[in-house]
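Labels run A, B and C following the written order; every chain starts at residue 1.
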Amino acid sequence: METQMLEELEVTIRKGLHIIKFNRPSKKNSFTAQMYDGLARLLNEAAVDDRIVITALTGAGDFYSSGNDLTNATKFIADGDIIESTKESCNRIRNFVSALIDYPKILVAVVNGPAYGIAVTTLGLCDVVYASDKAYFQTPFTKLGLVAEGCSSYTFPRIMGISKASEMIFFGHQMGANDAKECGLVSQVFPHTTFEQQVWSKLEQFVQMPKQSMMCSKHLIRAQISEELHKANEAECKELGERMHSEECITAVFQILNRRSKM
Amino acid sequence: METQMLEELEVTIRKGLHIIKFNRPSKKNSFTAQMYDGLARLLNEAAVDDRIVITALTGAGDFYSSGNDLTNATKFIADGDIIESTKESCNRIRNFVSALIDYPKILVAVVNGPAYGIAVTTLGLCDVVYASDKAYFQTPFTKLGLVAEGCSSYTFPRIMGISKASEMIFFGHQMGANDAKECGLVSQVFPHTTFEQQVWSKLEQFVQMPKQSMMCSKHLIRAQISEELHKANEAECKELGERMHSEECITAVFQILNRRSKM
Amino acid sequence: METQMLEELEVTIRKGLHIIKFNRPSKKNSFTAQMYDGLARLLNEAAVDDRIVITALTGAGDFYSSGNDLTNATKFIADGDIIESTKESCNRIRNFVSALIDYPKILVAVVNGPAYGIAVTTLGLCDVVYASDKAYFQTPFTKLGLVAEGCSSYTFPRIMGISKASEMIFFGHQMGANDAKECGLVSQVFPHTTFEQQVWSKLEQFVQMPKQSMMCSKHLIRAQISEELHKANEAECKELGERMHSEECITAVFQILNRRSKM
């Protein structure tokens, strides 16, 4: 077993099982710029690392991840060159999402607690999603003046049907773990107390199965939609760039930070 | 608040929320030729009306809508020029469905009671569908000698999987509100007694959220499938035109009207 | 009523209802080479037989079907010309799947008991799937060193969402009848004791409905995805051919046969 820390990501490899843990529990594992870049790099490296059969994404502490760190957004607003800095931020997200689309190994989300924003949308790019019964899912794009990302404009309607996808993406509906299972976003929900034990024991078994077979099946599935996923990622990131310096977004972010500073 | 009546459609606009109520309760809100044209015109006008953020479709009385008014069909049969009149009817349906496909604002179906035929199929073109627990859903195309319309040949298999879609489209299976939620046709089911109150209060909140964000997210989703939806609409309406003057359809319609006249 | 036996397939036609029963209960109705060819031929003939409105697939005895007969695989391994014999086997599967894709009549799976492998994947190519509550579903491709077939790389993610599809295809997850209904693979689950009676009585009613209407609706649905289904079938069979003489597959098959011979 081998564990290393990289930019608030804890990485473990044991017998074919590769675990990337979002390790920023004091900030609900929200993603910093460094974490996006780190995740993209880790996936690109694991893609060509023959030891790795299954990669699991999970969070340290109570949250899976609260998504994009809002202070990323305030930086653009504070920054002199807002156009340039939103562009940089969109590139970062695009690269991370792109690495997920192209990832050839089996990718499992081990959702140990609540997930927000891009930590929810990217579940649609994972192969299998297991969740604790304490998990719930929310994508508050509209409230923040933003738009669908992480290919959710493509994956969500296809996974859960247009009605539930729209309710989440447009209205920021918070979905519980059991509803997420019912609609197909999640495969299985486990009691929180035994969640980790049950899931890791499953995955330790699965990594021992014929790995070429798993990767070939994944390639058959992914090859059919890969081009459309990259197109969706491009379209979303382009729109996200526009939205980030829109009045709606700037107003929304200021209101939230104002409320926080008063607490 | 502003309310007007147009061809048995009651239209209300209050603070960004645009409500189109099918208002023909004595005929279970079935759609007349005038209602199809009225709906298409209202949607095309609302598309460019800056006041409107969310449009809600709902029904007056016990039914959401029983779909196409069967007397539309008897007119073709009675009419001397059946080819011409079925063509006209198909154009009418095509234009209504086309307006739904292209509608850029958020479209919510507030399904207050049972829905049949095109009032069910067009739910797949709405963004979000909320239903009373008294609602149920049926598309009796086969019994009438007709075929799938409202883009259901495209949307139903994608929303609910091919098996449930086929059961509805081919066999006219009547689906209850809870099954409709389970399979993704509906997002949420509410007790009938509090349905209206709960849904309108939700929508009144949602219209206050950043509207550009919602419309941009909708555009991202719709742009990916818009071309395919229009193709499905064309193919369905072409086939519908053929079916309308088929022996199967004429026999079926006469049987139903005969049964009604004996009641 | 007319019943004939063909290569362990029992074929009945009664009033528009065409029943193909996998009739090899001593081997859990697993498919031999002759059965694949027989099924493809029966479907191609029924496609142009005007008497037939609905075709039902079902199994004799306790199982629906345990899928591909493993002794098919051992033949390739034993055979001198492994390349040639795997090619032959893949052609056989491709032709059977291709006949399912192109089948123009209504195709209903009457799943009387457990189903494995290609007997599960091809459910996604049926129109409607009814299941006994004793049925369950498993696709152990990975364990056998094989890959997704029967267009499951296309149909499964679209029916049940990527997470449940991946769990079945990559990890061989066994899905119960009720879960299969929840995720849309199955339309309705019936108590085993009344299953046959309820389903056949339904289908006997459905064959009396306007058949042109049903076939036109099916054509509208199928025409949109037919090309993609054939592409998926080609890609899967090509990969399957490679996998069949891979070390992973040969090792897996030997292990299983070894275990069986020790029992």
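We adopt the following convention: a residue touches a chain if its C-beta (ideal position, glycine included) is under 8 Å from a C-beta of that chain, and two chains touch if they have at least 3 such contacts.
Everything quoted here is computed from the prediction, not taken from an experiment.
Colleague: What angle, rounded to the nearest 5°, describes the rotation that places the Cα atoms of chain B on chain C?
Modeller: 120
Colleague: Between chain B and chain A, is it the same set of residue numbers doing the touching on each side, over half shared, or a different set?
Modeller: Homomeric contact, different residues on each side for the most part.
Colleague: Between chain A and chain B, what distance separates the C-alpha centroids? Give it in angstrom.
Modeller: 35
Colleague: Chain C: which residues touch two or more other chains?
Modeller: Touching at least two other chains: 158, 160, 182-183.
Colleague: Quick one: which bits of chain B touch chain C in the complex? Just the residue numbers, please.
Modeller: 141-148, 153-154, 157-158, 160-167, 169-173, 182-183, 228, 231-232, 235-236, 239, 242-243, 246, 248-249, 252
Colleague: So in the complex, which bits of chain C are touching chain B?
Modeller: Against chain B, chain C makes touches at 106, 123-124, 126-129, 155, 158-160, 182-188, 202, 206, 209-210, 212-214, 216-221, 223-224.
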